[in-house]
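You will see two complexes here that share subunit A, one where it goes with subunit B and one where it goes with subunit C.
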Partner chain A sequence: MINKKIVIKLVSIVPITILYMMFFITSSTVAHLPLNEMLLNEIFGQVSIGDEKAIVLVIENIYYIIIFNLLFGTAIYHLINEKGIYLFIRIKDRKRWFYKQTFNMLGCSALYSGFFLTTLTIIFMLKTNTGFNLLTIQTLFILWYFISMVLSMSTIAINLIAIRYGSNIGFLLVYLFMILQLYLSLKFDEIPIIGDNRYLLMLNPMAVITIGLSSYTFLNILAFINLIFLFGCLVWWGGQYVNKIDIGLSNSETR
Partner chain B sequence: MGLIHATRMQISLMLNQLNFKLSFTIVMIYALLTYFIHLISYINIDVSVMLSSDALFIGNEDNPLFNLFIKVFPFIVVFPFAFSNILDREVNILPLLCTRMTKSHYYWSKLITSFIGGFLIILIPFLINLLLLKITFPNNNNSHFGPYNSLTYIQDLTGSNVYVSTVSTGLPFLKLYLYSPLLYNLFFTIMLALFAGILSMFALSFSLWIKKYKVILLIPIFLLFYLSDIADHLSYNLKYYINFRLLDYVTINTSFGKLPWFFIAFCLSLLIFSVLRIWIAIRLDMSKGRIPL
Partner chain C sequence: MNTIVTENLNKSVKGKVILDQINLSLQSGNVYGFVGKNGSGKTMLFRVICGLVRPTSGNVYVNEKELYKEKNFRPNIGVVIENGGLYPEFTGLKNLQFLAKVNNKIGLSEIKDAILRVGPDPEDKRIVKKYSLGMRQRLTIAQAIMEKPDIILLDEPTNGLDESGIQLFHQLIKEEVERGALIAIASHSKEEISLLCTHRYTMKNGRVHEGE
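Showing the complex of A and B:
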């Protein structure tokens, strides 16, 4: 169910991205990098593991994740907190209701990341002399999938923690978790014993896509499946949790 | 109930809240984890090549987890007590508290407690880290600046290796550092704790505007840090570079171009803003003849 408020929230990333990229837009230099590489460099950093290279989100550039978390981080929580009693005396299956909310969230994150990537692509197209090709479309699709999944997972996690401990603590814990994962991704090859095992890096949702974007490898497929698996686990656990909470007792914000 | 009693009551409330416990725990984990990383990294290494305990201090920018800490710092300082006013309004306890301790005592005690909360979450873990390092590691002259009196040591300390025109060069409070690196560490720990306290006060005064969605309270301080970073980037185009990165002024690092007056003015403006906001809140509430809800 998309209403006007949600549309404004989703579109808000466009002016924010333009503002964030203002230095780049106003600079007089023309980039000679291909469009797909510019997108990757803007959003990701690279980690070398032996001969392979993996890409991870860079801490400096996760502003779009933080904004999405702030905008939607309490959506499900507020429904449960404020309308939970009215909702759950009518809805028989809480789990199904929660699954529906999470898929709404996934839809919102897909639209949001779509707006974000479109804005970035347009900005880069204005500043580069290289064209739009098949590789760019492929890169955009992979980025869109990756960002949508990370956004929805982090936001659902904040909502679930918020139900128990309050929204501020939910936000801080998820933010800390993301920062730690990013840090571990960037320093992965320095970790003794496991640092050479690229499959273990794939378990980290912040570092799941390998640099071989032009050809599908086993790692690419594994990364895609891994994200779906993590999302599925989170939604399943969330369903179990929402099913069990005592809505009559809780206003966790003011505990 | 006097202001001291009101503040004691607020401190007691803060110490029992999850927000304070969480932020304190995060800084404590940072302090202990950094210590254990140093312990592990110096296994089987000769004591003569170990870095000095003062150089391994967590307030130093060369520490392995320092970059993580500065990313989390703008969020942590909001947590100790800044949400308390919103909570009081949500549970409708504000009229009860105000009738017990008067509105002005209520607001001033909130502000003081908020400062104490921000101060404590930094001070105690940092001091524990310093103590552990002093017990475990040698007190030699191996610092991050290189061996004592070597060329790199002197260059870093005096700032003669800087290639950009800056307003100032060299290590701030150099005489204190040369006199005692331990005192230097203590001095910067107190500076960082004071800064955290002031930011915490600022967050609390900002919270008086927020009626709903308390997560919004995390934005102002994050924005302050973000804007200071942008100002720092822009500053490279000036005739003389000025360092606008806020945490560079209260941590131990060799970054150049620090303008102490900028930082003092910044902290004072935050302080004045917080005090004025509270004063206006009290005056407005009194003039309207009602307790704010």
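Showing the complex of A and C:
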């Protein structure tokens, strides 16, 4: 259900990004990097694997993930634990209901990351003299896909953990997991034996896109499929879990 | 004929026994009353019967179909459970429209009729957050009866109701029994149960005993 409140939440990333980038916006320097590289450098860091490079999310710049998680991280959890008693009495198929919620979440994350990337692109276009080309469009599409998937998966995971352990634990566990994955991405080439295998890095949801974009087609496809696979697994498991969970128990009964 | 049968029903939460070997056989045309102190298991019994909470062991049959075993079986039950469950940022009418949309069994006129039966003005533009406790309770009762359910489970239904609300509620129970609904009411008030119910049960420490 898209309502005014949800729209406001989705659009809120525009002023937040402008504020976050205010120092860059007000500085007098003009960047000479191409637009696609500016976008990649803002969102990702680089990891070397042998002679090749892969990009990973950088922890300093994940504010847009944190904000999305805070805005939507308890939406499904609240329906199940507090508001949903009269809703769930009427729902015949809880799994289908949950799948619908996750696809709504995916839609919200796609819109949110769209607003975020559009804002960033406009800001960078003001500061660079390089134009908008095919590589920029390609980069934007990959970033949009990657960010949307990470946002929706992390938010769904927080909601599912929150149902059982409360929202604080949900946030804590998901962020610990994400930080661990980021750390493993950044230190990947130092890991013995597997550190030379770039295919294994692509299985890490936090390090999924190779920097050449068009140069490593197979790796890109592998990373894309991996994210879809992980999303599918999470949604499937969530459906099984929600189907069996007790609805409307108070906190004193569940803890 | 609407029926609820429970066989050796048990529910434990975190090792604590909430329901202990509940065996019941309830039929439509009757009003069943469950009296017990807070924490005696009344609300949990209703949650299990209406499909919100799975029993730890035992079986629940609603109209001869086994709950939790038959795929996608959701009995036609109307429920009032003491904790919230309404959207405070919506109006009363919008709350009920949102719930009715899940199964699309009824339209706007039936929703408005249900609200009128319990008292409030369906066109009231105030959001539920601004309702009094009694108004919220009336709206909760309206959502329980609006789809003309076969079975109605009411947990502390007169909480917060004033004298006129209680009279309307008693009238409503009579009408629903005449319609053929099976009604079960849980309350800590013996007087209310004696007044409304044809059969009375007492709940204590998760067990059910017939009579008061």
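One rule holds in what follows: the second predicted complex is superposed on the first by the 245 of 255 C-alpha atoms of A that agree within 3 Å, B and C clash if a C-alpha of one lies under 4 Å from a C-alpha of the other, contacts with A are read in each partner's own complex, and residues count from 1 in each chain.
Here is the rule we use: a contact is a pair of C-beta atoms (placed from the backbone, for glycine too) under 8 Å apart; a residue touches a chain by one contact, two chains touch by 3 or more.
Keep in mind the model is a prediction, meaning the values are calculated, not measured.
Participant: For A:Y99 in the superposed arrangement: first (subunit B), second (subunit C), both or neither?
Facilitator: Touch status of A:Y99: no partner.
Participant: Mind working out whether A:F132 is in touch with subunit B, subunit C, both or neither, as first, second, both or neither?
Facilitator: After superposing on A, A:F132 lies clear of both subunit B and subunit C.
Participant: Does subunit B (first) or subunit C (second) touch A:F88, or do both, or does neither?
Facilitator: In the superposition, A:F88 contacts subunit C only.
Participant: In the overlay, answer first, second, both or neither for which of subunit B and subunit C A:K244 touches.
Facilitator: So A:K244 only meets subunit C here.
Participant: Need the overlap of the two footprints on subunit A, from subunit B and from subunit C, as residue ranges.
Facilitator: 253-255
Participant: Along subunit A, where are the residues that touch subunit B in the complex?
Facilitator: 23, 59, 66, 70, 73-74, 165-169, 171-172, 175-176, 179-180, 183, 251, 253-255
Participant: How about subunit A: which of its residues touch subunit C in the complex?
Facilitator: Contacts found on subunit A: 5, 82-93, 244, 246-250, 253-255.
Participant: Report the residues of subunit B in contact with subunit A in the complex, numbered from low to high.
Facilitator: Those residues of subunit B that touch subunit A are 18-19, 22-23, 26, 65, 67-68, 71-72, 75-76, 78-79, 83, 87, 90-91, 213-219, 222, 233.
Participant: List the residues on subunit C that touch subunit A in their complex, please.
Facilitator: Going through subunit C, the ones touching subunit A are 13-14, 18, 47, 50-54, 72-74, 77, 79, 81, 83-87, 89, 99, 102-103, 140, 143.
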